[in-house]
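Just so it is clear, A, B, C and D label the chains in written order, and each chain counts residues from 1 on its own.
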Amino acid sequence: MSAVTTHPQESPATVNALEVRGLVKHYPGVKALDGVDLVVKQNEVLGLAGENGAGKSTLLKALVGLVRPDAGEIWVRGEKVRLRSVVDAADHGIGMVFQEQSLVPNLTAAENIVLGSEGAGVRRGVYRWDTMRRLAQEQLDKIGSHIDPLARTDSLSFAERQMVEIAKVLRIEERTSHPPVIILDEPTSVLESAEIETLFTQVRRLREFASVVFVSHRLDEVLDVCDRVSVLRGGQSVGEVPTAGAEPADLHRMMIGSTGSDDHYHDGLAERSDEPARPRLVVKNLSGRTFRDVDLEVHAGEIVGIVGVHGSGREDVCRALFGAEPTLAGEVTLDGEKLDLSGTRGAVASGVGYVPAERKIEGMVGPMSVADNMMLTKQKARCTGPMVVPKKQATLVDTWIERLSIRTPHRGTQIGRLSGGNQQKVVLARWLVAGDIRLLLLDHPTRGLDIGARSEVYRLMRELANSGVATVLLADSLEEAIGMSDRIIVMNDGRATKEVSCPSGGKPTPLDLVKEMV
Amino acid sequence: MSTPVIADPVANPAAEPAVVTGAPTAAQRVTSFMPVIALVALLAALTIADPDFLTQRSLTAAVRTSAPLVVLAAGATLVVLCGGIDLSIAALCSLSTVFFAMWLPDLGGLTILAVVAAAGAIGAVQGIAHVVLRIPSFVVTLGGMSIFSAIALVISDAGPIRVIDRDATAWLNLYVAGYVPMSFFVAVLVVAVVSLVIKLTPLESFVRATGYSESAARLAGTPVDAVKVAAFTVSGACAGLAAVMLASRNFSGSPTMADNLLLPAVAAIVVGGTAITGGHGSLWRSLTGALVVTLLRVGLPIVGVPSAWEQILYGAIIVAAVALTLDRSKVLIIK
Amino acid sequence: MSLLDAGPPIALVVIFAVFAALSSDFRTVGNLQNIMDAAAVLAVVACGITFVLMMGSIDLSVPGVMGASAIAVALLVANNRNGNDWGLLGILVAILLGAGLGLLSGMALVSLRVPSFMTTLGVSAVGLGVATLMFAGVQPNIDDEMLHGWAVHRFLGLAYLTWIAVGCVLVGWLIQRYSRLGRYAYAIGGAEEVLALSGVKVAPYKVAVFTLAGAFYGLAGVMVTSQLSAGLVQAGKGYDFAAITAAVVGGTLLTGGRGGVLHSAVGVLLVTVLTNGLVQVGVSPYWQGGVQGLIVVAAVSAAVLPQRRRNQVTK
Amino acid sequence: GCSEEAGGTGGGGAEAGGCAPEDVVLVGQVRNESNPYEAAWLDGGDAFAEQVGLSQDRLTYDGDSTKQQEQITQLLAGDTECLVMNILPNGDSDTLPIVEGAQDAGAYLVTQWNKPADVNVTDYSQWLSHITYDGVTSGQQIGDALAEAIGGSGGIIALQGILDTGAAKDRFAGLEASLEENPDVELLDQQTANFSRDEALAVTKTLLTKHGDDIKGIWAANDDMALGALAALEQAGRDDVAVVGIDAVPDALTAIGDGSMTATVSSDGPWQGGIGLAIGYCVATGELSVDDIADEDRAWFAEQFLITGDNVGDFTSPEVDAADFECDNVFSRSQGAIS
C-alpha cells in the first residue's frame, strides 16, 4: 500500500495524532466498517457524523481496543499500533467516553474516576481514600463540577454521572506524556444546555494540548465545537468538511447521500382541527412522590410537551400516567373513563403507550429478537386465538421494519446488536403494530437518534397525532419541544407552573421557556 | 381507532442487501445439541468403564429412575427462565408424598390430581408472596423449604406413611411399547406439553423478557407478575407429580423423601445449559440435564467407582458438562 | 445509612426483645455468651460468602471445603491417627487447603466460564471426596492442646473461637472497605462490564475472591474441628444455606453490589438468636425449622418494605 | 401397548442354591464411608468376602433415600442371578421398595436396622432376613444407666435422632420406659440433633444455658450426639453431667474408658457388614435354604451389650470372627424374633 511509504512519519511537526486506514469490521450480517479512513490531527477537535448504524461507535471502539478490526491499520503519532485492550489504548494516550453510560453505580464517584488507573490512590492493594478523593477532585475541578467525590454514583443525576465520565476520561492526561486523544461518543445526548456549555468549554480547553473526537447527532453542536467534520455512511468514509462556513444541511446531505428536508419537525404536516374536541386525557390533582397537584389535559390529536429542569418531576408524572410510578392522590381519565394506574397492565389495556428514556435497561430486551421486541406488548396482533402465527408476525414485523426504515439484517436479529437509533425505532414500533393506541407517553424518544431517524420519528409522531393519538412529549431539547408540541406545560419543583400555547406559526422562543423554568 | 397511516420511508441509500436470515447458524445449532452430546459422551465413558452398563435393561432402569428428577427440574426450569429460583421444590415434593399417602385411602384414583393441584396451589402461594411482597424468590422459597418440611413432619407425625393401595399408581409401572417406562413417558409428556404451550403462544416472549430484563418487560406491559406466579404454580405442580412418582415407587410417603433432590434438580437445569440468570434455556435442556445427573448418580457407583472418588468425579464431570453445554453467546456475563 | 441497611439491625433488636420478654432463660448473660459462641463458625463462613455474594456470584462449596479442611487439620495437628504434630502450621495448611479449593472454584469460573453455582457445587463434591479419602474409615481425634483450647478457654466471657470470629469480621470489613480486592468485588456486583471497559481485568479479582472465601471456610472447618475435638467429613453440612440465609437476611443482595461483611454479621446474629430463642421458648422441634423460615421471610419482607418501588426488579 | 415388564428377562425367584461360589456377587450398601461405624461395616463385609475368596462391591448413598433407591434399581437391572445384597435402608420407608425390587429380580437380600413393623419378611422368598438391635431395650438400658449415674434423681435432657427413623423413635420409647421406672428422674427438655455431632454441640450448649445446673445427665440417641454433648459440656466447664449414648463407636469407648462418658450400647458394625452377606452367600450357594430358615430367624434382634466403665475393655477393638459367618452359625447372635 503506497500510503505506508508516503506516510509523513519522518517529519514530526506534521505528524497526525491518529490515523486510521482501511478499517474493516464484519458482524454477522453487517459490515459495520467497510474500509474507513480517518485522520485526527494534533490539537484539533474532529467531529464524526453519520446516521444511526453508520459505524461511528464501532470505529471508535476499535480505537480504544474494544473491537478487533478484521482488516486495516491504526497509526498513533506516526507509529503503527495494535490495540488489544482499553489499557493498551490508554497507554497510547487514547481514552473514550462511551455512548451508553459506563460507571459502576455502587462505587463512589471518586472510585469511578480513577477506576483502572488508581495510581497513588491505591498502594499495595490498599485504598488511600484521601488521596483518591484528591485525585478525583482534581479531575472534577478541571471541568468545574461540584460533585462530591465520595458520593455514590447511583445517587447522582444522569447529567452529573456524565460529568463523572468526562472527568474519568481526562485521567488519560496523567497517564501519558504525549498529547492524548480523547473520544467522546454522543456525550451531549443526555445533558442540558448549561451542562453542554460547560462541556464545550472543556473541549476547547482540551484542544490546547490534546486532540478530541466528538460525536453528536445534533449537527449544530458539531459545527459549533469542531474544527473539522468527518462523515461516515454505511461503514465508509464519505468525506470531510471544515466547519467554518458549513451548514447542518450540508452535513446532512453527506450523511444520507441526498438532499434532506429542512423542515425536520414536519410542521407542515400538523393538522389542527378547529372543532373543540373532548379532551382525551384529563389529569386532575395528580400527586406522587416527586410531583404534586398536577393538572393536565391532552386532546386527541394533540402533542403536549412538558419541559422542566432535572428534578422538576416531569419524568415521574409520565411514568405515573403509565402506572409505573405510584400516585398518592388525583384522578386520571382517558376518554372519560377512569384509568387504572395500579400497574402498567391497566394502562396498556386502555391504549396507553410509553417509551422510556433508558432504552437499554427499560426500553428493550437486549438478547431477544427485533420481532419479539416489537410484538412484546401487542401480542394479539401476531396471534390467532392463543397461538402465535409466525407468518402473520413476519409480515407485520417486516412491514414495520420497512415503514420505519429500521436497519437490521433480519427480523430475527437480536435487538441488542442494532445501533441505538434503530433500537429506538423498534421500541416505538411496539406501540404501533396493533393500531389501537390512544395516548402515547414519550420520554426522550429521540435520545441518540440521528437527524434522519429523528426526523422520521417526528413525522411518525405527527401522523399518529393526525390519526387521533394524544401525545405527551418529554423532549430531548427545548427546540424539539417547541418544534413538535401544540402546547407546552412547564414544570417546576413537581408542580405544573405554566402553560404555553405553541401553535404552528406562533411558536415561542427557547428563551421564553427558560424564563418560566427557573 | 384506525392504524395510523404512515408514508413510505425515504429510499434508504446505504441499505445493504439483507442476505441474512434469522435462522440459527450452524454453530448455534451445535450449541443447542451440546446437552445431548454431553449425555452421549457420559454414556460412552460409563460403557467403557463397565461394558455391562450399556444394556437395554440397565438403560430402561436409568430412565425410569430419572423420571421424578426430570419432572422436578422441568418445573423449576420455568422459574429459572423467569429469572428466579425455586429452592422449595424438593421439600414441597416430600410434603406432597405425605399428602399422597394420607389422601389415597379416601380419594382413591383422584389422589394424583388432588396432590398435583395442592402442590400447584402451594407453588402459587409462593409466587404470590414473591411478587406481592417483592422479596427475592431465593428467600421466599428458602423459607418455603423449611416451612414445608415442618408441615410434612407434623402431619405425618415424623414418619413414613405406607401406601397400601397400589392400584392408583400401578399404571406408572407399566412400559410403553415394551421398553419405555411409563413414568419416564409421563415426564417427557410433561416436558413436551409445557414446552409446546410456551413455544406456540406469546408465553415464550413473556417468560424470556421477564428473565432477561424484568423492568423492560414490565414497561412493555407484559404481565410479569402473572407470568411469575404461573411459573411457580407449574413448578409446584411438577413437584406434586414428582411426588406421585416417588411415592408409587417407594410404596410410601415420607416427610423427607425428596429432600435430597434439590441440588440434583438445580444441577440438572444448569447442566442442560439453561442460564441460571434467566431468559435463556429450555425444558428440553433440563430433561437432558436430568438424564446426565441421573447417570452420574447411579452410573458411577454401579460401574465400581469407589465412594470418595465418585464424589470427586461427580464434581469434575458436572462442571465439565456445563462448560460444554452453556451457550455463552446468550449469556454475556458469567456470575 | 439507608433503610435497607437499617432494617436487619432493627429486626435483630425486635426479635431479641421478643424472646427476652418471652423467656427468662433467654435473657441471661450465660445465654448471651452462648449465642455469641454459637454464632462464631457461621460468622466466619458468612464473612467469606459475603464477598462472593457481593460479586453477584454464589458459593455452594462450603460443605466440601469445610469438610476437607476439618479432616486435614485433624490429621496434621497432634491426633490419634498419625504422628503429626504441626500445631499452628497444620492449621495454616488446612486454611490454605480451603483457599486452594476456593481457587479451584474461581479458576473454573473464569477459565471454563461456568457459572459459580455449578463450579462451587462441583468443588463441594470434590472437597467431600478428598475429605473422605483422608478420613479412610477411622475417626481422627485431635490431641493438640492449643486447637482444643480455642473452644474451651475464654477471654472476657467469650470462647477464643468467638474472638477469632470477631477478628474475621473485622478483617473482612477492612478488606471490603480499604482493599482494592474488596472494593472491586463490590464493583463487580455493581457493573462487571464497566470494569472491563475501564481496563480492569476482572478475572484475577474473581479468582482472588473465591480464594479468600475458601480460606475463610477453611478456617471455619478448623474451628469446627476445635469445637468437636475431631475431624468430621460432615463438618460443613448445612453451613452453605445457613450462611447464604444469614447474608441475605443481613441485607446482602444475591444479585450483588450491595451489602457487606457487617451486614452479614448482623444476619448471622439474627439467625443464631432465632435458633437459640426458639429452643429457649420451647417451640416443638418439629416446628422450629418452619417457624424459622417464616420469620426469615417476614424479616426480609419487613426490611424491603420501606424501599419498595413500582417497577423494581426482584429476582 | 403397555406391558408389565421391560424387555422380558429378569423376574421370579431363582431356585435357591443354584450358584457356584465363584459366581456370587456380594454388595454392601451403607449411607457413607465418612463415619467410622459405617466404614467399619463395609470393612466387615470385605473381611467376609475375602474369607470366601470373593470381593464386595461397596456402595454408599450419602444418606439420600432417593439415591439409594436409584442405585438399587440400577443394580437390579444388571445380572441378578447370584446377587447378594446386605443393605442398610436409609429409613423405614425405604425398605419396602428395595425388598420388592429384589423379589422381582431374584436377588438375595438381607436388610438391617430399618423396617416398617407391619411388613413381614416371611411374605418374601428373596428377602432372607432382617436384623436389627432392639432400640427400645437399648434406649431403656442407657436410660437406666443414666438414672443410676445421677443417683436416681435429677433432671436430664434428651437428644433425639432423625425424627422420622424407627431407630430414633424406638430408642426414645426406651427412654420413656426407663423414666417410668425411675420416677425421680425428670426429662427437662428434648430436642433433635439429627444424629449429628455438630448439631448436638450447638443444641446442648443452648440447653445448658436454658436449664443450667438442673441438668444432671444427657441421654443421646447415638454416640455421635453424645460426643457432641461432651464437647459442649467441656466448653461450658461442666464435668458433673453424665452422658450416655448408643452404638459403641471407638471415640465413645475411649470416653467411657477415661470416665467422661457413662454408658453406651454395642452395635457391632463389622459383624453387621459380614453377617448379611454371609446369610445371602449361604442361601445362594445352596448351603442354606430359605425354607429351612426358621421364622424367628427371618426378622430378629441381634445380641447387644450395655457397655460401661466396668466392661469397656472387652469391646475396644471389635474383630470379625470368621466363625460367626459359618453357614450353621449365622443366626447365633439372635436374641429372638422381632416382636
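Following the convention adopted for this analysis, contacts are C-beta pairs under 8 Å (C-beta built on N, C-alpha and C of every residue); 3 or more make two chains touch, one makes a residue touch a chain.
Model, not experiment: these values are computed from the prediction.
Participant: Applying the document's contact definition, name the chain pair with more C-beta pairs in contact, C-D or A-B.
Facilitator: Most contacts of the two pairs: A-B.
Participant: Indicate the whole-number Å distance between the mean C-alpha point of chain C and the mean C-alpha point of chain D.
Facilitator: 34
Participant: Using CA atom averages as chain centres, what separation in Å is found between chain A and chain B?
Facilitator: 41
Participant: Report the inter-centroid distance (CA atoms only) between chain B and chain D in whole Å.
Facilitator: Roughly 36 Å separates the two chain centres.
Participant: Please report how many Å separate the Cα centroid of chain B from that of chain C, as a whole number.
Facilitator: A distance of 29 Å separates the two centres.
Participant: Two or more other chains in contact with one residue: find those residues in chain A.
Facilitator: Touching at least two other chains: 324, 343-344.
Participant: Provide the list of chain D residues touching at least two other chains, using ranges where the numbers run on.
Facilitator: Residue numbers touching two or more other chains: 32-33, 163.
Participant: Could you list the positions in chain C whose residues touch two or more of the other chains?
Facilitator: Where chain C meets two or more other chains at a single residue, that happens at 128, 132, 193, 286, 311.
Participant: Got a list of which chains touch which?
Facilitator: The list of touching pairs comes to A-B, A-C, B-C, B-D, C-D.
Participant: What does chain A use to touch chain B in their complex?
Facilitator: Touching chain B from chain A are residues 28-31, 51, 54, 233-234, 256-258, 322, 324, 343-345, 347-349, 351, 354, 356, 361-369, 371-372, 375-377, 379, 382-383, 386-388, 402-405, 407, 409-413, 430, 432, 435-438, 452, 456, 459-460, 463-464, 466-469.
Participant: Taking the complex as given, what residues does chain C use to touch chain B?
Facilitator: Within the complex, chain C touches chain B at residues 55-58, 60, 64, 108-109, 112-119, 121-126, 128-130, 132-133, 192-193, 241, 244-245, 248, 253-254, 256, 286-294, 296-297, 300-301, 304, 308, 311-315.
Participant: Could you list, by residue number, the parts of chain C that touch chain D in their complex?
Facilitator: Listed in rising order, the residues of chain C that touch chain D are 25, 28, 30-31, 33-34, 37-38, 67, 128, 131-132, 135-139, 141, 151-152, 159, 224, 227-230, 232-235, 237, 275-276, 279-280, 282, 285-286.
Participant: In the complex, go through chain B and note every residue touching chain D.
Facilitator: Per the touch definition, chain B meets chain D at residues 52, 55-58, 60-62, 64-65, 68, 153, 156, 158-160, 162, 171, 173-179, 181-182, 246, 249-258, 260-261, 294, 297-299, 301-302, 304, 306-308, 310.
Participant: In their complex, what parts of chain D are in touch with chain C?
Facilitator: Going through chain D, the ones touching chain C are 32-36, 39-40, 42-43, 160, 163, 189-192, 196-198, 201-203, 205-212, 227-228, 231, 234-235, 237, 249-251, 254.
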